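Shared between the two complexes below is chain A, which pairs with chain B and chain C, respectively.
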Partner chain A sequence: MAEGLVVENLTVGYHWENGFSKIINDLSLSIEKGIIFGIAGESGSGKSTFAQSIYNSLSYPGEIISGKVYFEGKDLLKTPKNELRRIRAVDITFIPQAAMNALNPVKRIGDQFNDVLEAHGKSSAEYEQNVMEVLKMVRLPPDILHNYPHELSGGMRQRTVIAMALVLSPKLVILDEPTTGLDVLVEHDILIDLKKIQRKRGFTMIMITHDLSILYEISDQIGMMYAGELTEYGEREEMINSSAHPYNYLLLKSIPRIGVKRYSGIRLAGNPTNYDENSKGCQFISRCPYRTYECELAHPDMNIVSGGNHHYRCLRYPQWKTDEK
Partner chain B sequence: MITTAIPVKYIFKRLIIFVSVFFGALTLNFVLPRLMPGNPAEVIYQDLIKASGGTINTAYLHQLEAEYGISTGKPIYVQYLIYLNDLFHGNLGVSISFYPEPVSAILIQALPWTLFLVISAVTISFFIGNRLGRYAGINRNTGKDLAIDLFSMFMAAFPAFVLAFILLDIFSVYGKVFPIGGAYSSSITMGFNLPFIFSTAYHAVLPVATIILTSLGGWVLGMRNNIIPNVNSDYISFSRNLGMKDYQIKSIAYRNALLPNLTGFSMSIGLSVSGVIIEESIFSYPGVGMYMITAINNLDYPLLQGIFLMVIIAVLVGNLIVDILLGFLDPRIKQEGE
Partner chain C sequence: MSLLKIENLTKEFTVRKSVTKGHTIKALDNVNIELKERELLGIVGASGSGKSTMARLMVLLYRPTSGKIIFGENDVSKYKRSKLKNYRRNIQMVFQDPYASLDPFHNVEWHIKRPLIVNHYKGNINDRIAELLTQVKLDPPSQFLTKFPHQISGGQRQRVYMARALATEPKILVADEPVSMLDVSLRIEILELLLSLRDSLGISIVYITHDLSTVSMITDRIYVLNKGQVVESGNTKDVIENPVDEYTRRLINAAPDPFKKIEVE
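This part shows the complex of A and B:
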């Protein structure tokens, strides 16, 4: 199967007053072409850093220490700045967090579309059809091209940002919590529309979020991040029905459901932690209810559940599953 | 909602504010001199008595009062109406220090020089300052930024009159490169011809340079501080993520950062009409500022009142123009006004 994006041994961190702290540690991942890959994690788990790193848009004090990010055989982290600029919005695109403020307040939307086209040497007359098409996809009337951003609602601005990012038909779309600050219904509508567009155009979509219900609703494959590492990733059904890592299992348990009695078994306790460089053991150990002495001694490698694409990083799989009963 | 090209409502609102503030200022200009003891006629009358050492017929005082349009005997509202009536007929009274020259004649003669000085200096300073500030802001935390910041802060803190004297000393007194004073060479007749224009520009170099150098710092630091949050804003990072070219990104950041400075520009055009007094008197430039010094030294109330009036008009008109301009440049302001 063709790969949309391959990440190898990515290590990223931030400089701060007294040194440097790693946020993402040795992360490897391969994402198939044409799917929606959702990544979830708590605050501080490094998911936004991951999104910026694979787009190579991380700026100081963040720094990518090592790793490779292959897109169509090219390492994006080694691509010269100028070439990177040329493939942005054309081959790969990024829809940012807080997309509501991503539009220039003093220019009409139409002019901002023209700026994107101009940046990539396309004439606005020639691409008018593309603009109309992409606006229709995100369900915005063509009139908004005459509007200024402040005349639109938050949801409309969000849709405008998505349309702008998709106007040149990129093959890879990275979304970093694209619906932050919108109400649940608008958020839901936008993501369902996004999925429709993705299915129609067939691009690879990497979506980063902390909203589990959305993640499980629209993704084809799901990855869970904890303390700068992927704890588990695989097909959506596997992730829902047969978690191989306690983190995902407990997160799923934590989603309240209407009409179902509150879960009263083992819960996910404690606070999210950052990557701990001094720990020899599992990064999740402080919050794992299934931990034993062996978890403290060795760092678990990424393993695959036999005969599939289901990866997990836990020493005690599948024993922990029997612990619970 | 599609916006109309000309924000009629917004402009109308600005005009109403303009007219009401203008009347408020006129009234203040009327009240202030009347709060002071005595009047110009009495000043001259007393001077004459002192000079002659004897007595002078009080009829002369009444004649002076009539000449200066002083009507302290009448009720205050009548005085106010007379004041307004005179004002709209261009009658600002007669100057004391340049007796019997009417104030309006002095102002008409002095104002063009000041406007020429101020507008050319402030425009050049605004342009250079914003460019430097933009450069410093985009290259922030580098050596270039530090050099520009230090220079700007030094120049902003440097007293204008000291700089004026230094320049005058170096380039006129010892260097003899530029003239020592005046607005144009006395050997040239005034008129729209090449020698006159050249001579005017030549005489303006030092005063204009002084104003530019001392006002530059404010623009540089203002622009730098405006552009830094803009460069880090969400819409700039989105523009980068869409692969926009460097010049596009810079122009987006620059336009957004320029808006607050534009308001400052209008203010300084207005205020500078009175603010270049020091430069004008040091370089003996025949502008409003030089007359203002004379007026203050001679208790020339009518002339002072006339100059204040002009400063008021300059500040208000400058603000009105930029308010309207901002309505076009920043769509958000226009909407608030509607």
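This part shows the complex of A and C:
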């Protein structure tokens, strides 16, 4: 199994007026090559900070304290600025949240494609074929190269940004909330197209979103983030059918679904992520209905469900499953 | 018995290219909607279907181009001044973005006090504020009164806004995408709050959204809007189980569901 990206002991935080607070705490993860890895988390869980950190684009007041991010044997966090500039968009690309609003409003789409190519020393004539190909992939007509961003709809702008990110055939694509703010029908189409493109080109894709439903629809493997840690990760089927962590289990239960009766058992408390730096125990404890005294005493380590790739961070697995009524 | 009746409602917007040139866009085209007492009604559609225009028309933030909005027995669509104020007391709206709908310079207490003062509330205002906060399950109220919007979560903000809307004792609450900006775990609580408000206060609620899965969870009846026209309506369960219209089918198919996997060849 080849790795697309390896993250080791990543710790990231932000400087505030009252000091420094950790947002990502000692996170390790290895992502296989050529799959779609989805990362889910609620607001404040640190998922966007994680995306910026692995792309090494986090700027002050954010700071990466320690850790390594290996991509093709290179530690991205130690790579000098000018080399990072060279490999970005060529080998690894990041589509941040609301990227569709970052298109230059006074430049035609075609010229903006040229900007990307020129920044990497490629001539636009040589890469015309590539541009046409990616546009076809995201199902945009070639005419849009002559349009300005304001002439396109939100969905088309999002497709444009995706096409732009793919034009130099990167091997790793990181997407942060790629469909947030789009209409349901458009969202559904873009997800299908993204998966088709990923399968066709075979790049590794990391998708980050708060929307658990779309994440489970598209991903091969899924990681759940809570208070700056991964609480659980593994194959989609295992995650959905046999959750090892109460967080994932209860979140899945709380999603309204068409034609499914409302779940009336134990519920996830709705207070948002609360990261307690001084806590010795489990970060999820304040919202966990299955907690016992032991959860307060020790911080759970990452464990593996026997015979698989299913990781979880819970002291009470599998006992908590029998608590469920 | 019907509480609010929309009859042959059309709303046109003028898009101007210059001072003399321009054309009109029909946002709503001859729409008929009926809201019954104590009903949770869903209005569903993708963006551009006219569902938010519908919400704004219901509370008369827009005026219809033609057609009637009948509340009780009267056509309210041309109401002005005191009559309008009186109508708005009966119908309140909750907006999509709880981060934008509360004033960042004022605390929770101020937000709920305002409608009470404006409407000359007779009783003890502080008791009423506490009562409203309890109704939206912000308990204990004293803990929230002095909080500013940035100190509470998105779900709590939406609750504060709902308390504010309920302050005038409305008969109808129009909620335009009230949960789309919230986290999954907070979403379900707001939806359940809508259900419990309907049951405990006996109000009617119009729930407007693009997300069919939440609609199927709470509403009694739905109208599906496409390009300003009602393409399908009826009992929620019937419509979702046996959609007749192609557009409704597409919406159902696109509704996010973690147990559905996108398969590509």
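Remarks
As a convention for this text, the second predicted complex is superposed on the first by the 323 of 325 C-alpha atoms of A that agree within 3 Å, B and C clash if a C-alpha of one lies under 4 Å from a C-alpha of the other, contacts with A are read in each partner's own complex, and residues count from 1 in each chain.
Note that contacts are C-beta pairs under 8 Å (C-beta built on N, C-alpha and C of every residue); 3 or more make two chains touch, one makes a residue touch a chain.
All values derive from a computational prediction rather than experimental measurement.
Of the two partner chains, neither chain B nor chain C is touched by A:S123. With both structures placed on the common chain, the touch criterion links A:S66 to neither chain B nor chain C.
By the document's definition of touching, of the two partners only chain B reaches A:V106; chain C does not. Contact with neither chain B nor chain C is seen for A:Q319 once the two complexes are overlaid on the shared chain.
In the superposed pair of complexes, A:G259 makes contact with chain C only, with no contact to chain B. Applying the stated contact rule after C-alpha superposition, one finds that A:E151 touches chain B and leaves chain C untouched. Looking at the shared chain after the overlay, A:D211 reaches chain C, while chain B stays out of its contact range. In the overlay built on the shared chain, the residue A:N9 is in contact with neither chain B nor chain C. Applying the stated touch rule to the two superposed structures, the chain B and chain C interfaces on chain A have no residue in common. Within the complex, the chain B residues that touch chain A are 1-3, 233-235, 237-245, 248, 252, 255-256, 259, 329-332, 335. Across the complex, chain A meets chain C through its residues 42-43, 183-188, 191-192, 195-196, 199, 210-218, 236, 240, 250-252, 254-259, 262, 268-272.
For chain A in complex with chain B, the residues that touch the partner chain are 55, 57, 84-90, 93-94, 96, 98-99, 101-107, 115-116, 118-120, 143, 146-148, 150-151, 161, 164-165. Contacts from chain C toward chain A in the complex involve residues 46-48, 153-155, 183-189, 191, 210-214, 216-217, 240-241, 250-262, 264.
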